[in-house]
Structure formats: C-alpha cells, structure tokens
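Submitted below is the structure of interest, expressed as structure tokens.
As written, the chains take the letters A, B, C and D, and residue 1 is the first residue of each chain.
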Amino acid sequence: MNNKIKAAIVGATGYAGVELVRLLALHPHVEISGLASVSFEGKGIEEVYPNFKKMNLPKLASVEDAIAGADVVFASLPHGLSEPLAEQCLASGALLIDLGADFRLESEDEYKEWYKKPFDKPELHDGAVYAQPELFRKNIKDAKIIANPGCYPTAAALALFPALKLGFIESDGIIIDAKSGVTGAGRSLTQNTHYPEANESISAYKVGEHRHTPEIEQSLSYAVGHPMKVLFVPHLLPVNRGIEETIYAKLKDGVTIDEVREAYVKFYENEQFVRIEAKGASAQIRNVTRSNYCDISVHGDMRTGTLILCSCIDNMVKGAAGQAIQNMNIHFGFAEDCGIDMLPSGF
Amino acid sequence: MNNKIKAAIVGATGYAGVELVRLLALHPHVEISGLASVSFEGKGIEEVYPNFKKMNLPKLASVEDAIAGADVVFASLPHGLSEPLAEQCLASGALLIDLGADFRLESEDEYKEWYKKPFDKPELHDGAVYAQPELFRKNIKDAKIIANPGCYPTAAALALFPALKLGFIESDGIIIDAKSGVTGAGRSLTQNTHYPEANESISAYKVGEHRHTPEIEQSLSYAVGHPMKVLFVPHLLPVNRGIEETIYAKLKDGVTIDEVREAYVKFYENEQFVRIEAKGASAQIRNVTRSNYCDISVHGDMRTGTLILCSCIDNMVKGAAGQAIQNMNIHFGFAEDCGIDMLPSGF
Amino acid sequence: MNNKIKAAIVGATGYAGVELVRLLALHPHVEISGLASVSFEGKGIEEVYPNFKKMNLPKLASVEDAIAGADVVFASLPHGLSEPLAEQCLASGALLIDLGADFRLESEDEYKEWYKKPFDKPELHDGAVYAQPELFRKNIKDAKIIANPGCYPTAAALALFPALKLGFIESDGIIIDAKSGVTGAGRSLTQNTHYPEANESISAYKVGEHRHTPEIEQSLSYAVGHPMKVLFVPHLLPVNRGIEETIYAKLKDGVTIDEVREAYVKFYENEQFVRIEAKGASAQIRNVTRSNYCDISVHGDMRTGTLILCSCIDNMVKGAAGQAIQNMNIHFGFAEDCGIDMLPSGF
Amino acid sequence: MNNKIKAAIVGATGYAGVELVRLLALHPHVEISGLASVSFEGKGIEEVYPNFKKMNLPKLASVEDAIAGADVVFASLPHGLSEPLAEQCLASGALLIDLGADFRLESEDEYKEWYKKPFDKPELHDGAVYAQPELFRKNIKDAKIIANPGCYPTAAALALFPALKLGFIESDGIIIDAKSGVTGAGRSLTQNTHYPEANESISAYKVGEHRHTPEIEQSLSYAVGHPMKVLFVPHLLPVNRGIEETIYAKLKDGVTIDEVREAYVKFYENEQFVRIEAKGASAQIRNVTRSNYCDISVHGDMRTGTLILCSCIDNMVKGAAGQAIQNMNIHFGFAEDCGIDMLPSGF
C-alpha cells in the first residue's frame, strides 16, 4: 500500500461520491483514506448503500477527519461549499478535485450572473483550472485546484470544440438539446424524480436557464477566440444513466459533412475516450453507459445547411467520477486510463 | 345498434389498428363491422392480442370481407397500399380514413422525392384532404378520403402553426428535436426495438431524412402562405407511448414570450384537445398519455432571441387512432370528442 | 345533470383519488360534486395534476365542503381516518365507499393484531360490507358503508376462491408471490421509490408482514368455511401500474389441471371482468393495464403436485378506483360496467 | 503479453459472449486471442456491437480459426453444439468453459428427459465438472471441461444449499419464484422481448417446465445426499439485467430465522462473492448489477412455518460471464476475483 496515494471523498453519499468510491476502490495507485458525509457521519457507507456490503471501506466521517493525510480530495458538494474546502486542502498540501461548480467559471461576473453570489475566496481561483482533459490537458499537471467539468458541458464541449476550432460552423445560433438520465438530478427526493412521475415520460426543464450554459460557453470561447453564446435546453430522460445531446449549428458555406466527420476522427485519433461514429450511425447512450467514453456522431442536413452532432456520455462516469479520476491520473502522472478503462457493455 | 355507423379496420393487428379497435369498441355511434389482417386472417384478434379476450370482436378477415357494408374504413397500412383501397371505398361509398402516408402530401413532386415513387392513382387525390382538425377542420366534412396526419407532424404543426400564422417567428431556421416512444416503430421486430437495446438508452435516427418532414412543411406553409423548410430530427425514446418535441425558432424583433403564450391560449381557447401550459411549466408526456390531448408549453431564451415550444401528444391516440376518430366524428357530425374524451392519468 | 348522482372524493390528490377523478369524470350517471384534499385545499386539482388542465373540475376543498350534498363519498385515506368520515356520511345519508383499510376486516381482533389499534367506532362496522363484487355481490346493494378491497387481495381472492370453494386444493400451505407497480406505494416520496433506485431492480418488502394478509385470509375463509392462513410476499416491481401474483397451492389427489381450468372458466363465465387464459398462456400485466379486468391463468406442476395460478390486475383500477366504481354501480343499480368498460390496450 | 494465457470465445456475439469480451479484455492474465461468430464471421465485433469501437479486438472468425492456439475456450452456444467443440478442445489441449447446457447434467437420463436427446459424446462427460465455485470448488482445478452453471441455478443453489446441508428445512415442497431481466432471453428477437410488449409488464413463462429445474435439483441433491425435487417458476422482468429469486421452504421444527441467518453468514464468511443481508433488509437486484456478487436475504414467516430466501445476482455476470471467469481463475491458479472484482453501483 505504501506506494499508493491517499484519496478522500467529501460528499461521499451523494451519487457522484458513491461513483467515486466504486471506481477508486479498484484503482491500482489509490487507497481510499477517508469518506466524509454530513448526513450519515459515523455510519458505514454500506448502511446507506448496501451495494457496498463486505467491501471494508472507511467509515463515514467528518470532513476534518476524512481529509486528514489525503494526497487528493474529491469533493461533490452543493455550490458555495467547495471554496472553504479548497482553502483547507491548500493548507494541507492536498490536491482538490472539485466536482461542484465553485471553480468552473473563470469570470466572477459570469458566476455572479448565474449563481447570484460572488466568489467567496477569489484569491483561490488563480490556482484553479477547468479540467476538460481532451481540450485543456496541459493545464492539469500543475494545478492546485482542479475544477471537474459538469456532465452536460463535457458532452457539449467535446462535440462542438473541433467544429468551432476548425472553422466549420458559425459561432452564433448553436442549439443544444440535451437529455439526461435521472441520476443527474441526484439522490434527493423530488416529485419529478418519483418513479411513477419520471417513468414513461420526458420533459424539458430550466429551459434557457440551466447553470451549465456559461460553462459550455466558456469552453467554446477558447475554440473561437472570443465570447460566444449557445442555447442549452435539458430534458429529464427516463433512464438511470447517460446523457445524449443533439446539437445544431449553422454550417459555413462549402463545408461537407464527410469532411467534418473525417476532421473529427483526426482531431480525436489520439484520445482514447472520444470515439467518432462511422457514417450512418448515431451515437447512443447504451454504447457508453458505465464507461468513460464519449461517443460523437456527425450528421448534416444540407436542405437547411445545418451540422448536427449527437454526443453521448455516462453522466456519472465521463460526466463526473470517471473524468475526475482521469484528471487525477494526469495530475499524478499515472496512465490516463488507469482505473477507468472499463468497456461499455451495450446492454 | 341500428342507428350506428359501421366501421371496418384494415391493418387491424398493427399497433394503430389495435388502438382503433380499443377506442371504437366503446364509441356510442359506431359498430365495428370488420377487421382485416393479412398476417392473421381467420384468427380471432384475441389470439394475437390477448388483451381483447372476452370482447366479442369480429374475426380477422380478408380486406374484401372486412370492408363489406362499412360506412367508414380505417386503414393503417405501409405506404403504397392505401391507394387501391381508396378506390374500393369510393366504389362502395365508404369514407376512407387513411392513417398511412399515401394521401398526406398534396404535391406529387414532394411525394416522389421522399417516397421514391409516383402517385399510383393521382385522380383519387382530389377527393382527399389532409385532416389536422384544429387547423383545417372545414375541409373534413365533405372529404371522400381523409388523410390522417402523422404522429410527429401533429405535435409539430399544432405547436408551430400559431406562431407562424401570427408572425411571431421567422419561417427559416426552425428546428424540431423530437422524441418518440417505441410503439411509434410498430409491432415488427427489429434489433433497435429489442428490449435490452432500446431500454436505458436513446438515440437519434433518420437524421434529416424522416418522411414526416415534408408533411410538417406542408402544414406550416399554409400558415405563412409560401413554401418553407424545417429541420426535423427524431429520437427513439425508451417509453411505450408519447411524443415530446422541443422546437426552436427565431423570434422576430420585439416579440415577448408572454405575448406569444397569451396568443396561444387565445388561438386554442375553443379547441378541447389543445392545452397551453401556464408560465413556468413544461409540457410532459405523462400529462397526455392515452388521451387525445396535445399539451404545448411556450418558453423563450432572450439571450439568443429564440422561441422554444414543447409539444406533447400520445403518438397512438392524438398521433394516430384518436385523431382518426376525431376526424370521423367531424365528418359524420358526431360530437367531436365522442369516444375520445378520456382524461389522461398522469401516471 | 339532474338525473345524475353527486359524488365526492376525499383524498382526491392521492393516486387512488386522482384515478377516481379520471374515471368518474366520464361516468354517465355521476357528477363530481366535491374534491377534498388536506394538502392542497383551495387549489385547483390541475395545479397539482397538470394532466387535468382544461377539465373544469371542482376546486380542492375541505372535507366538510366537499361532501356537502353528495350521494356517494369515495375516501382514500390513511387507516384510522375513515371511521369518523363514515359517521358524517351516515348522518348526511351518503354512501361511503372506503378505499382504505378501516372497514375491510370484520374481526376487530384481526384488526388489532395487524393495525395495532382497536376499531374507534365499532358500532359502524355492522353496516359495512367487504365488497369484492364477483365473490360477495349480494351484500353490496343494501350496504351503508362499502369497504373496497385492497389491490393485492383482489388479485389473490379472485384467483384462489374457486379452487378452494370447489375443493381442488388444500387450504394450508398456500403461497402468494406478488409483484406490484410503484403507484401501489402512492405519491409520497421515499428512497425506495426514487426513480434511480426503483428502476432496473426488484425486491421483496414487508416479507410475511403485509397488512393485506388478513384481508386475503378473510375472503378465502368464506370459500372453505373455516379460518385459514396464507403466506403473502409482495415485491416492488419497476412498472407504473399493475399487479402480478403467482400463487402456489397443493393439489388434492386426482385433480387435473385441465379440470381446474375448465371449472374456472365456468365459475367466471358470467363475470365480465374476470378472464381465464387458454391453456399454455400466462396472465400478464400488459393485458389488463388501465382496465378493470382481472386475468387469471391456471397451471400445474405434477412433479410436485402443485396448482399454480397467475393473477393480474391494474392496481389502480380493478385494485382501487375501478372496483370502487363497480361497487357504486351495483349499489345504485347502474349497469355494472358503466364508466369502467375500457378495453386494455396491450401496450 | 507473453505471460498471459490465450482465451478464445465461441458464440462471441451473443449476449453472454459479449459480456465475456467486456470482462476478459481487462483481465490482467488473459489475452483475447480469438472470437468466433457464425452469424458475423469476417466482421469486426464493433460493427455488431458499437460499444466496442476503438478497442482493437480480434476480428470475428470461424471456430477453427478462433480457437487455434487458445489455452482456454469459452463457449456460449445453443445446446447440442458444445459436445463437438469439447472434442476439439481436448485434442488441442485447451480447457473448455461451457456456458451452455451440454455438460451441466451428470445424469444422461435427466438430460434426455429435459432436452429430448441423448449425450452425443458420453465419453467426454467424465472429464466435465459442474462448476459452482462456492459449492464445488475443489473439482474445478483438474477439470478438462468446466460446465458453467446456469443463471437461475446459480442464484437458487447458493441460496438453498446451506439450509439443506445444515438441516434447517425440509427437502420437499421447495418453491422458487424467479424473476429475470430480459437479457436472459438473449439477443434473438421475439414478440415477448419486443420493447413495447416487455416494458411495463411481467409474466411467468415455462411454468414448471424450465430446463434449469433439473440443474437446480442436481446441486441441491448433493446438499441432502439424495435426489430431491423443486418447483421452479421463472418470470420475465422488465429490466435489462438481474435475477431475483424468492424461495419458499418448510422450516423444520424449532428452527429460528435468526439462527438460519447467522449460519448463512458463517457458511459464506470466506466467500468474497456471496453476501448475506442484515436482518430487516431484502436482497435487491440493484445492489449486485454488473458485479459478480450474489446477495441473499433470510426471512421467515412463523405463522406458516416457512423459510423465505431472496437471492439476487446479475444474470450476465455471476449468472454467466463473471462466474465463467471465476472458474477460469480457479483452474489456472489466478486470484479468484481477478478481473471480476467490480463493485456494484447501486444505480
């Protein structure tokens, strides 16, 4: 055990926290050294999640106790709570990988507009990086705080970045129609996620108001070199896991769909976790479920001059815990797919 | 029974046919006089659909036998097969209500482009009307052939027609992101609709190529007075029934969302089967399932100047059998909601 | 409207209450005169259940106001609350149809054992009847209080009664393995019925402790003429609606399965809502969903001398609201299937 | 790669085959050297299962080519086809791990009765062992042919063996009510597994006739030392994966449930993959999905003197591919959990 790094998980009994436990428990270079839970402190995690029976995991503890001695702290907390935790981690020399929203937006103005509060500790934000590995990998190695991307922004940015960067599409008028499995809404009980009301239905929510919007725009602005806006509309999909985004953008004159698809294959040819569908196939959730893959299909409608991208991830893996581990691997110099190379099962 | 009209169903063992049986069996002014099925001729329909045990329905017969003496013939057939049937109906004086595609497109050129064949009997098409009751009701009374709208076009046209007619949106750049339950793919077995491969997934299909596209465009062209194009992308949704379409259109300058919503309420105030959601609510499938209602919610994103409409129907009822009965009611002068006034259950 | 009876629903925003609204709204001999809801008094029911938009239903009111002037009061309340309501109904001359448990058990001892409290108003219980129409129809006409059977007991008693009555099986050793859709757990939020935790799973609950056990035993005791016990184990099934019970009983010597099946067909030949599957078919939920039917299949295993019965109902219709209306129809002399003759759809 | 064993999979495009690919691809001591598929020979497996894109797996080949040079051959074939394959494997010195039925039953008479054919190559059966690791581990090391247990028998035998072995229950009158996810029915298309007909339903099938019955009986006979019979009734459950079996048995006089539960904990204390639920909890599918675990809960009903066991596995992992790998690990001396130590996710 002595050549393993110690990892603590704060917010361990939320769905993202549980998913970190599930994956980190098998990571060859990691020892789970602490689990923190406000709601269940003092219990065994297997009392809350009986799927973890007979696993010998650390007891659920206070944040203080859980992060003591950790080399890396994963946090999955409501917004506003990661900034104070970041300060503790900096003090103790631990890397913070934050699965929440506190450090994702670089612009405090944007943060204020969407979250209705300022940065509480603006001085910390300089050490933080927005860590979408396939797009901004070089920033991750030396970061002190890693802002792990949101689930929807991961699927959106991986799909749109190449087309914008390579100049295939206009930067205005982009529409992202997103569908997410119900785990995306978390463990807390709501009427909308009560089985008989979520099952056999679908509906849009937070139309044009979802806080992942500025995060998507931030990534894409790097592709085009100037601020840009997108329209993002999420839907609650009656599946447990997975996000599918169908994305619409105006093709520039003369661009062909085959040309775009080939450019995508090339753009991601060295990226293990991004896969481009062959012509005629559509990305589908079942091909990525419970894996760290992002599948993207490239389509077009020449009648209206529209590029159509379908992008699928597992919201809990590539959209949360898996990508956080990918970022940890990069930061600590492990193989990037270490502990997250599960093949998707297809059913 | 003697003051009831006689109704025959051709294609009675397909999903739309079965749904017609289910609803017509309770219609106070209708007697089901014949059921035709190529695949199961001679059997009882309860042998194919055991949900119909103890119902005393007519045996499955040949088309000839099933339609003999009928006042109205409902047909749910693959395209190309309704034209010869229409000829038979005209000869016998029966009204044909066609749930297939043969008579939906008024332009033979459009039909050729999308269906790769000409009209076989172009002389019949003059007597046919495209029967979206809420938009083109006056044509239905005297029609000889009623082309019942497709499921996706019903949800799309009801949602977009008012905004186009009233000049709230541009007619170019409209995008329809549609999700349909698996009954929309019918009873035939395919790998995509095999339970383990449809369940817990979603994917787009026939991107930009679905044959409902010209049908939607035809209806909307009547709203604006000139031909127009839309981009239509359907998805296979893991539910049995229901369609949700999220529709994006460019708002004209100065138009507000509240103004649009109020205009929609007014536009449909006398339409029993179209309901506009209050501000803040999104249309959802579970509120219309197994009913003839269409729920529409009106949203906007002023950052990008976009009107967003969510439109939900049950694909088998308002999108097929229910609307066909609505058209029959109009044609024969029955109360328009007769036999199709079921309240949706919400779960 | 003047020849319609007035019906009030107390507990109108629970799932059973909502289902009563859905069905009674179309009943030709009923006017819904009042809806009571403790949680949402003063609101429109369409604010809680948007599936009821544009329906013109009475506002949610206090119990007092809702039941004023009613000829029949349907109550769907937690146990202990129907007895005081019954007193009010008796005073005002209204029939109470109670979908709760207060009046189902005839023996106060049994009630005490399973509900841990005595009858609060024992004098009312004489006027109450346990109203399983197919088994105890003659009691219903003159009842002052109708105890509507529970969902599980309905499926169990309809399946087992004939075999016991006709002496095909032993009365000891009967096992009922039951599976119920999640609406059976009601509208209240629990971790077990949170979508991601109910979906893609199944588990037994209240093993050997469910309060429907004595109710089943009470009905079956009438079949055999002496008290008897059953083992009842319910499971939470990931569907919205429907109950399937697979029931195991010891065949008496010399009894054949075909003989049992034929006797079942005969036993229920005049019962519209009970259907016996042909040899080789199994009862399945989808054949009864959203209808008032109970489908029963008769199987056997001669290696072990076991009669196996599969019994399916929709828990919200035949298991609650539909059967309550059936009882109302019988009591008031309407056609027994009035308002509840919906055909099941099969999908 | 040179210290890895070479594994071939015959029947690689069936669901069990695909699951073997998914798990073996990450096994540290295995190289997948060949994949055979009759239906798709010559294609890439990623053309049939796009979840395997970018994985660099061997092309789908003939059986001959796929098994050449293999140290171990996994076969997932319809019954009757594994015997000739076994002969080839014996000739080439490869271990055959058969996920089919050909070698599971030791008695040719039983095989004839249930499969309606004799052993084609009876001389091979001496070298075959029925490999339920937790019950018959010692036989596995030296076997030439490993008969991997069926999915239902795995859950049943692990649950019942201790109670029978330790004399807590009678060996007659045992009833197994089993529910399986739809992947259990395989990849082939049938009306019953068509999404709209499997979804939102459940039904029993092959009541008392399922071929897993004699396999369960064979294992349990070893526990009691004499032949015994069980009644086994499977149901098709609307989930992708997982089996839940609720099992009923007559308690012997004086046995308490707590005593049984404690004995179970002790019986399996050194078995990594079998977990006993604490008092009050029920085994549920979601706690084992996509893992090699079997969860068992112990309940009782003292009113009827019945022991009730709930047993859950993932039908594709512990019920097929995972257990096959567990058997391979034991045979080759790898750590028993190597490559199959995935934690279940709970959602």
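Some points to look at:
Keep in mind that, in the parts below, a residue touches a chain if its C-beta (ideal position, glycine included) is under 8 Å from a C-beta of that chain, and two chains touch if they have at least 3 such contacts.
Keep in mind the model is a prediction, meaning the values are calculated, not measured.
The interface with the greater number of C-beta contacts, when A-B is set against B-C, is A-B. Most remote chain with respect to chain C, judged by CA-atom centres, is A. By residue number, over half of the contacts seen at B-D repeat in one listed pair from A-C, A-D or C-D, namely A-C. With centres defined as mean CA coordinates, chain B is found 39 Å away from chain A. One finds 46 Å separating the Cα centroids of chain A and chain C. In this assembly, the C-alpha centroid of chain B lies 35 Å from the C-alpha centroid of chain C. Counting partner chains per residue, chain C has residues 15, 183, 196, 199-200, 238-241, 284, 286, 346-347 touching two or more of them. Those residues of chain A that touch chain B in the shared complex are 172-173, 175, 177, 179, 196-197, 199-205, 207-208, 229-231, 233, 235, 237-242, 244, 246, 248, 282-286, 289, 297, 299-301, 303-304, 306, 308, 310, 312, 346-347. In the complex of the two chains, the chain A residues touching chain D come out as 15, 18-19, 21-22, 25-26, 49-55, 183, 200, 240-241, 272, 275, 277, 281, 284, 286-288, 290-291, 295, 316, 341-347. Note for the complex: chain D touches chain B at residues 15, 181-183, 187, 189-191, 193-196, 198-200, 238-240.
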